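Presented below are the structures under discussion, each in the form of structure tokens.
Below are two complexes that have subunit A in common, paired first with subunit B and then with subunit C.
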Partner chain A sequence: MIELRGVTKEYGKRKALDDIDITFQKGKVYGILGPNGSGKSTMMKLIAGLVFPTKGKIYVNNKQVNRYIAEETAYLASEGMLYPGLTVAQMIDFFSSQYKDFSVEKANELLSFLSLDASQKTGKLSKGQQGRLKLLLVLSREAPVILLDEPFLGLDPMVRETIVKGLVSFIDFGEQTVIIATHEITEIEPVLEEAIILSEGKVQNYCQVEELREEKGLSVLQWLKSSYKEGTGR
Partner chain B sequence: MFAGLLKKDFLLIKNYFLWWLLLMVGLYIVVAAFGAYHDRFYIVMAPIFFVYFFHAALLPIVVLLLLRAEEKGHYWLHSTAGGGKLLLSKLLVGSFVFIISLVLIDVLALFSLNVVIPMDYTETPGSEMPYMEGWLLNMGITGGALYFTIWGLFLWSIYHSLNAYPMLRKVRWLIVIAVYILIQTLTSKLMELSFVQKWFASWTVNIGEVGETIFGMGGMQMSVINNDLQVWPVLLTIIFHIMLFLAAAWLLNRKVEV
Partner chain C sequence: MTEEFKTSKPIYSQIADRIIQQFVRGEIRPGEKLPSVREMAIQSGVNPNTIQRTYGELERMGVVESRRGQGTFMTEQIEMRNQLRADIQRDIVAAFIENMRGIGLEDREIAYAVEQFLVKREEDK
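Let's turn to the complex of A and B:
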């Protein structure tokens, strides 16, 4: 379980997140939606222990978040993460040396599932291959929390589809809490259980995806658009 | 986990390291061949001295290259290793590169001196190989390299800690320079105090009859003066730099944000 209690993150005078209170339940798949600058990435980095809150507290499995929370959270970053001079195999080797929950067996399965060449240098990989490698490194961990920050950024629809298939096949549903920050909703919608809309650092709306479909007959994308309209008064 | 960090950091620097070693050997061969052809082999001593002194900058350069590899996204901070281990790995890999490079230049210097000394082109006492002076030179360069590196790590951590304050972002370099000047000024003022001077003089060790020696060629001279060594300043310098390293690790853990 992940709890954000009264969390505010300020960068100078700008509030990236403003007094957020959210609880993410164990074993569910959440989508954090919102436009650029809404605070999605900041929220992910706060949970990953890479950024510290200006006010409020964050807990992952009842432990207050600090740098060492990396032991329990597998984080896919939108930038960085890979060393261009290292090969795919060396990246896997490095990750397995850093995280106790890293499964080399799972990494090998993902390697063939995502059609990656272990001997290739990460700097020579296409953007799509890099996106897949990042996913491999994160999903190979059997961490209780998986954080995916913009996993589809700059990727073509085919790669996006592969990534979603990877999520469906390799996530331990019911055990791992997965939070996906994205503004590319269409592909990810089938795996989402709950969605949260962030706008200007605040929670603008929340929904349970199944309830939304069955009771209101709306897709997440339609719900997102209607929420924007309500939010902006248009 | 620490072994994994060391391996990764070595892989990040491996190519630069090999190119550097090749460059040193290549440069030496070219200058030595040129000197031998013109019957002036002693000219190899000039680049050797230059490369020796460059080693004081080599270690900080290697460590900064390793740090630069992490700057994009700072994913290395998403780690179960604390700031101390993350920085220590870079320092150790940098030191390995530094030591191998220094040993190589020592070998080249010894080989060259073996040729040059019998030709009376350099002034060494009794035309003997200056082993002791060589040791002192190595120790001095190593001390200088560690000094610049530890300061580099500390100031790098301050610089990146300030990233969280947008107002200070444009003047980060000025703040870093100000911190360096402030600490240096405070420590030098402290050293000037008479009771500190007396305290330093209270524990000395005679490092042996090295004798006052001067060797070298042209304007490049090294001098070793027989003297008692004050122990306290050495110990305090070591403790101070360990504290700087720990401060850098603390900043990395608590203040550097992505």
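Let's turn to the complex of A and C:
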């Protein structure tokens, strides 16, 4: 379980997150949606223990978040994360040396599932291969919390689909809590259980994905668009 | 390919509809074993909990049977297939009639249009 209690994060004068209260339940898959600059990445970094709140408290499995929370949170960064000079195999070794919960066996399964070549230098990989390698590194960890910040950014529809299949195949549903911050909703929507819209650092709207269809006849994408229109008064 | 889903209906029931249609068309045989929850989730690109709900719903309807430790199986009852076919037929006809009424046709005219269409197609063969 992940709890944010009265969390505000300021960068200089700008409020990236403004007095947020949210609870993420164990074993569920959440989508964090919202326009650029709405606070999605900040929220992910706060839960991952990479930045700290200006006000308020964050708990992951009842522990207040500090930099050691990385032992329990597997974090896919939207940028960076790979060292261009290392090969895929060396990247896997490095992650394996940093995280106790890293499963080399799972990494090998993911290598073939995602059709990656272990001997290639990460700097020479295509964008799609880099996206798949990042997913491999995160899903090889048996961490209670998985945080994916823009896992689809700049990837073509075929790679996006492979990533969704990778998630469905390798996540331990009901055990691992998964939070996905994204703009690309179409492919991931059938995997999400709940979705949250952020707007200017606040929670603007919340839904349960299947109920949204059942009760309002809306997909998450349609709901996001309509929420955004209401929010801006257009 | 991952399937596309309509927005008007929960995903679990759309997948249930697909399984029923495959059964009625004979693509799934009576008594055939269905993919496991995880396999089905990967094939469809959806959350396994959704498939769990699909199978639960189909079991409640008596369309599938789950056998402990063995998996989920399509019903062996042929009457069930006939009943499901009748249900689908009624849904298709209802949607058709609604569309035809929507463009202002009387029921008599709708029946006539169907007859004419079938006669014409028979002649064209």
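Methods note: the second predicted complex is superposed on the first by the 234 of 234 C-alpha atoms of A that agree within 3 Å, B and C clash if a C-alpha of one lies under 4 Å from a C-alpha of the other, contacts with A are read in each partner's own complex, and residues count from 1 in each chain.
The working rule: a residue touches a chain if its C-beta (ideal position, glycine included) is under 8 Å from a C-beta of that chain, and two chains touch if they have at least 3 such contacts.
Nothing here was measured: the structure is a model prediction, and the numbers come from that model.
Novice: Once the structures are superposed on A, label A:193 by its partner contacts, choosing first (subunit B), second (subunit C), both or neither.
Specialist: In the superposed model, A:193 contacts subunit C only, not subunit B.
Novice: Does subunit A have more residues touched by subunit B or by subunit C?
Specialist: The partner that reaches more residues of subunit A in the superposed model: B.
Novice: Pick one for A:173: touches subunit B only (first), subunit C only (second), both, or neither.
Specialist: A:173 contacts subunit C only, not subunit B.
Novice: Could you tell me if A:165 is touching subunit B, subunit C, both of them or neither one (first, second, both, neither)?
Specialist: A:165 sits against subunit C, while subunit B stays out of touch.
Novice: Once the shared chain is lined up, is A:206 touching subunit B (first), subunit C (second), both, or neither of them?
Specialist: neither
Novice: Of the two partner chains, subunit B (first) and subunit C (second), which one does A:214 touch, if any: first, second, both, or neither?
Specialist: A:214: touches subunit C, not subunit B.
Novice: Check the residue A:222 against both partner chains and state whether it touches subunit B (first), subunit C (second), both, or neither.
Specialist: After superposition on chain A, A:222 lies in contact with subunit C alone.
Novice: In the complex of these two chains, what residues of subunit C are touching subunit A?
Specialist: So the residues of subunit C in touch with subunit A come to 1-2, 5, 7-12, 38, 41-42, 44-50, 53.
Novice: Within their complex, state which residues of subunit A touch subunit B.
Specialist: Going through subunit A, the ones touching subunit B are 11-12, 14, 45, 48-52, 66-68, 70-71, 73, 75, 77, 79-81, 83, 85-86, 90, 93-94, 96-100.
Novice: Help me check something: in the complex, which residues belonging to subunit B touch subunit A?
Specialist: That would be residues 1, 3-5, 7-8, 11-12, 14-15, 69, 72-75, 77-83, 164-167, 253-254, 257-258 of subunit B.
Novice: What residues of subunit A sit close enough to touch subunit C in their complex?
Specialist: Subunit A residues touching subunit C: 29, 161, 164-165, 168-169, 173-174, 187, 190-193, 209-211, 213-214, 217-219, 222.
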